[in-house]
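See below for the structure under consideration.
Letters A, B, C and D name the chains as they come in the text, with residue numbers starting at 1 for each one.
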Amino acid sequence: MLAIGVDIGGTKIAAGVVDDEGVILAQTRRDTDATDAHSVDRGVVDVCRELMADHEIGAIGLAAPGFVSSDRATVGFTPNLPWRDHDLRGEVAAALDTTVPIVVENDANAAGWAEFRFGVARDVEDMVTLTLGTGLGGAIVSGGVLLRGRWGVAAEIGHMRVVPDGHYCGCGQNGCWEQYVSGSALVRDAQAVAQTRPDRAQRLLELAGGKWRKISGHHVTAAAQEGDELAIGLLGTIGRWVGEGAASVAALLDPELFVVGGGLSAAGELVMAPAREAFAAHLSAAGYHPEARFAIAAMGNDAGIVGAGDLARR
Amino acid sequence: MLAIGVDIGGTKIAAGVVDDEGVILAQTRRDTDATDAHSVDRGVVDVCRELMADHEIGAIGLAAPGFVSSDRATVGFTPNLPWRDHDLRGEVAAALDTTVPIVVENDANAAGWAEFRFGVARDVEDMVTLTLGTGLGGAIVSGGVLLRGRWGVAAEIGHMRVVPDGHYCGCGQNGCWEQYVSGSALVRDAQAVAQTRPDRAQRLLELAGGKWRKISGHHVTAAAQEGDELAIGLLGTIGRWVGEGAASVAALLDPELFVVGGGLSAAGELVMAPAREAFAAHLSAAGYHPEARFAIAAMGNDAGIVGAGDLARR
Amino acid sequence: MLAIGVDIGGTKIAAGVVDDEGVILAQTRRDTDATDAHSVDRGVVDVCRELMADHEIGAIGLAAPGFVSSDRATVGFTPNLPWRDHDLRGEVAAALDTTVPIVVENDANAAGWAEFRFGVARDVEDMVTLTLGTGLGGAIVSGGVLLRGRWGVAAEIGHMRVVPDGHYCGCGQNGCWEQYVSGSALVRDAQAVAQTRPDRAQRLLELAGGKWRKISGHHVTAAAQEGDELAIGLLGTIGRWVGEGAASVAALLDPELFVVGGGLSAAGELVMAPAREAFAAHLSAAGYHPEARFAIAAMGNDAGIVGAGDLARR
Amino acid sequence: MLAIGVDIGGTKIAAGVVDDEGVILAQTRRDTDATDAHSVDRGVVDVCRELMADHEIGAIGLAAPGFVSSDRATVGFTPNLPWRDHDLRGEVAAALDTTVPIVVENDANAAGWAEFRFGVARDVEDMVTLTLGTGLGGAIVSGGVLLRGRWGVAAEIGHMRVVPDGHYCGCGQNGCWEQYVSGSALVRDAQAVAQTRPDRAQRLLELAGGKWRKISGHHVTAAAQEGDELAIGLLGTIGRWVGEGAASVAALLDPELFVVGGGLSAAGELVMAPAREAFAAHLSAAGYHPEARFAIAAMGNDAGIVGAGDLARR
C-alpha cells in the first residue's frame, strides 16, 4: 500500500509518496507562513491533493513538531507553529473529503520510526534515536513497537534531567539532557570559551570572522576535523554527555541500538567515539549487561516523510 | 486457565495457583539454602509438583531476582542466589517432565505486572512501578505491554543516574537513583545524622536503644508518624527524590501512573506528598504535559506470585 | 586623620571625607561616561580636589569594581568601565600633584571593610561579606586583616563553584555560586516560572503588568511579603543556596559572621531564615564547629566610601 | 631561638629540636596508646623533657590532629585520640613546670607552615597546602599569615562541598572535597572497578593477590607507573578533582601556590598534570586571573615537627 508522509516544519512542508519498502516514489513541498495556522493547514492539504492526483493512496501520515495527542489526531502544543490543541486530522480530513485514514505523529517519532523500519536500525527490535539538533529529540521503539505513552508525549528524551540545578532549559526546568548534548549546547560552550579565553579559540574565531557571537556548530566541526584541540574537546564533551545520558536510558529501556542523528551527527567519530566510551564506563552492572551499539542515522532529511507515511499504514 | 506463579527469594520460595482474575486459589512455600543452587531448583520443582497435584495447570511462571534473559528461560545474574547463566526453565521443565509452558520473569517485573493487571494500576495502560526496598526496583508497562528490552533487563530503574559523581552504588556506578530513594538510603541518612548530630536525632536514638547503628527504616517511619521533625524531613527527602527522578522517567515514558511499593511505601503520605510535589515542580513542559498520578501498590507480598502466574499465560 | 573615600561606579562617582570613626563629614558626586576612560579619571580627580579644598586630608582611597592589583595601584580588568591594566593611582596622583598617599581597592573589599570597622561586623575579627546584587561580591576579613591574595583578587566569592556543570556564568565557567544566589538568579528563576507556568505566577505577573520579562527582584520581594507562595519559595531557594555555599566557605575560613548585603538583603528573613537553616544543616562536623552568625549589612550605600577611606589610612 | 616541635599521631609521638632555619638538631619519639588520654599526655611530656635536657629551648609547639581552639591551648575534638575539650597546653605546662611558652596547633596547619617557611613555598606569601592522605587536610597562608579563623578550625579544606548530594562523608555531610581527592577515594574507586569490572582491573588485581578488597593506593600508583590504563585513569580523576576544587579555592583566596602533599603526592605528575590542567580549565576569569602554581610538598614526615616548633616561636 502506498502512503503519503508529510513533514511539517516551521517554514516549509515536505511530502512524499512512500511505498512498502520505504522508498519515496514522488515528492513535493510548500513554503508556509508559520505565523498563520490556516496557511499551514492549507499547505498540508495542498501537498496531499497533489500527490493523491497521481497515486492510489491508502493512508496519510502527518508529522508535526510538538506534543501530539495519543489518539494521533490533535497537536496540543508546538514551539514553532501557531497551533494550540489543533485538530489537524479533522481539518485535513474535512478539506480532502476522503475516507483514507489520516494520522498525526510527532516528527521525531516519525523520523525514528523510519530508521527502525528502513534505516540503520532495521534489524533491531529495541532502539532509541537521539536527534542532536537545536534541541535533543528522540524516539523509542521497544519490542518493535513505537512507545507513545499515555498522552502521546513519550520520548521527550531531551528533558531527562542529567544535572540537578544544571543549565537552564527553555522547558522551565534545569539540567535537561538537551542542554548538554544539542547543537545549541555546543555553540554556547564554544562561544563562552571564545569570549572569555580568545587565546584558546583562535581557530574558531578565525572561522567566524573574528566574532565570537558568530561561531556556529559547523565551525566547531570544521575546526575539529582540522585537528583544533579546543574544538575536539568541545565535541568530545558533547559525546561524553551523549554516552552518560544514554547509560541512564539503557537502565530504563535496555535498547540494542542508539541511533544518533541531527546536525551534530555530522561530526561523526568526534562525537561517537567519546559517546561509546562514556556509555561503557557508566553502564550499570556493566559486566552483566551487554553494551548497546551506537550508529549514525541513515535516512537523512527524508526520515520524517518516510516514517510518517509508514506509521499511517499501521 | 489456571497458572502457577512462583516467587523465588533469597531464603524462601512462595508459590500459588492463580486464576484468571488474579486470585490465588492455593498457596505453598519452601525454605531454601541460597548458597546451594540445586536446593533452589529443587524447591521450585517441589512447589510446582505440590500445586499441580490438585489443580489443572495451564502455565507456570517463575519470578526470579536479577537479570532474566529475553527468551524468558535463563537467569544471567542475580545478587542473592548462586545462579550464573542458569537455565532455570530447562532444569524445571526436565524435572517436572511436563509440556505445560514455563517462563522465567524478573521478580520486579512480575510484581509490577500484578499491579497492572489486578492492582492499583488495573485501569491504566501506561504505568511505572517503583519498589522502594533495599534497592529501587521497578517495572514498566507501556501501551499495555510489559517492557523487557533487548536483553530482558529493561526497567532497572534504580540505576538511572540522578546525581553525576553522586553516592557510590553497588552496581559500580555513582549517583544511581536507588542511592537516593531506597530503604537503604533512608537508613544511611538517618544513621549519619544520629552519629554526627545526636542532638537532632534524640527520638530516633531512643527508638533504636541509643545506638545509631541500630536505627532502621521502621524507626524513622514510626518517629515521623509521631511528628518527629528529623524523621519527617528524612522521609520528605526520599519523597522529593522519588518525584524528581519520576519527572525524568516521565520525559521518557509518559506514564499515567507511578505505583509506589516496597517497605518504604508504608510511610504513606510522608513520602507520597513530597513525591507528588517534587514531580509537579520538575515535570518538563508542565503546563502542557498532564501530570501522572502516584498511588501506593495494592497487591502486597503476593504480587510476585500473581504476576508470574499471569505473565506465564501470555 | 581624615581620608577621602571614592566609590567609582559605572555611571557615577561618589566621594566623601571619612573621619576616624567612619563618619562621612562631607560628600560629593559626579556623573561619568563609562565609555570614556579619561572622563572617569577626570571625575575622580575632580571630587578629590573639591573635598581637599575644605579638609586636611591624610589619605585617599579609590574603590573600583573589578580586579585591582596587589600593590593597590592598578585596575587590571573591570566589567563596567573601559579600563584595562590602568594605572589609576598614578593618573590621579599626577593630576592632583599631591604627596598624600593614594590607594586603589576593589569596591566589594572596601564595602566589606566598612562593615568590619564600623558596621554590623565591628565586634568580630573574622567575617565574610556576601553582597547579593547583580552578581555575588564579597570581602573576607580574617584575624582582623583584609584578605587580598597574591594578585589582589581574593574574595571573588561568587565564583566558587557550587554545582559541577551547573548554570552558565559570565566568567566563562559553570555552576558559580553567584548563578544561584544573586539578584539576577532570582529574576531569571522567577521569569522562567512565569513563562512556563503562568498559573503559578499570577501575582508576580500582575505586579509586572502581565509581562513575564518585566518581573524584577522587587516584584518577587513584594509578592513574598504579601504571602505569595511562589515568591516565598523563590527567595527561600536563594536563601538555601546562600547557606549551603556559606557552609563551604566556613570549612575554609571559619568566620564568626556572614554579613549579607546588596539589593536582595532587602528581603530580610525571607532569605536569611532559610540561609541560616541550610548553613546549620550543611556545616561540616556541625556538633563540634560553632555556627557562624548571619546578619544584614548596616552601612548601606556609603559603605564603599567609608571603607575606601579607612583602608587608605592603613 | 631553639624550639621543640611535637607531632602527636594516633599511635606515636615524634618530636625534635628545631632551629631558626627549620633544621632539626635532635629528634626522639614514643609509641602511645591512643585509647588512653593520659598515655598520650605523658608521652608528650616525656619527649619534651628528653629534648630540654640537652638544649636551651625557647618555645614548645604541639601539633595535634583535630580541632584546636583559637587560643592555641585546647584540643576540642580529634577523630583518632581520646581527647574532648582537652587542655593539652595546661597539662603539659603543669607537668613540665616550665615558663617556656607552649602552644597547640592543628597538625595540618603545622605541616603547611613548615612548607611555607622552609619548604617548597618558602618564597611565596600566599599558599594553600592540600594533604592527600586518608582524608584531605590543608593549611592556608595568606599575606604571610597562617589563617586560623574564629574558632581555630579554618582550612578544613577537605570539607568544602564539591558535589551537592555527592558521596557520603564521615563528617555527616555529602559531597565533601576529600571524598573525591583523598587516598581513601582512590582506593574506593579502584576497588569498585575491580569488583564490578574485573576485566578492566587485571593488573590491579594481580598486584593485590587477586582480591579486590586488598587493592591499595600503592597498587594503583605502581600500576599507573607501569602504564596500566585503568590506574592512570583513576589517578587522573583524582588529579582532575584536585584542580577543579582548587579553582574554587582560588576564587576565595587567590593563592600563588598550591602545595600538594600526603601519600597520594607520591604519584607525582600522574596526579599533578591533570590537576594543573583542570585548574586552568576551571579558573574563573581565567584570562585575567594569573594561574597559581602546583608543587609537591618538600618537607616530608618532619613537616609537623618543624612547623609546630616554628609556630611556637611566634
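Note that a contact is a pair of C-beta atoms (placed from the backbone, for glycine too) under 8 Å apart; a residue touches a chain by one contact, two chains touch by 3 or more.
Every value quoted in this text rests on a predicted model; they were computed, and no experiment measured them.
Looking at B-D alongside B-C, one finds more C-beta pairs in contact between the chains of B-D. Inter-chain spacing, taken between the CA centroids of chain B and chain C, is 52 Å. Distance from the chain B centre to the chain D centre is 45 Å, each centre being the mean of its Cα atoms. Contact of a single residue of chain B with at least two other chains is seen at positions 163-165, 171-172, 196-197, 285-286. The touch graph of these protein chains is complete, with an edge between every pair of chains. Those residues of chain C whose C-beta lies close enough to touch chain B in the complex are 164-165, 196-199, 285-287.
Across the interface of their complex, chain B is touched by residues 67, 76-77, 124-126, 140, 142-143, 145, 147-164, 169, 171-173, 176, 244, 247-249, 251-256, 282-286, 288-290, 292 of chain A.
Residues 163-168, 171-172, 174, 180, 188, 192-193, 195-197 of chain D are the ones touching chain B in the complex.
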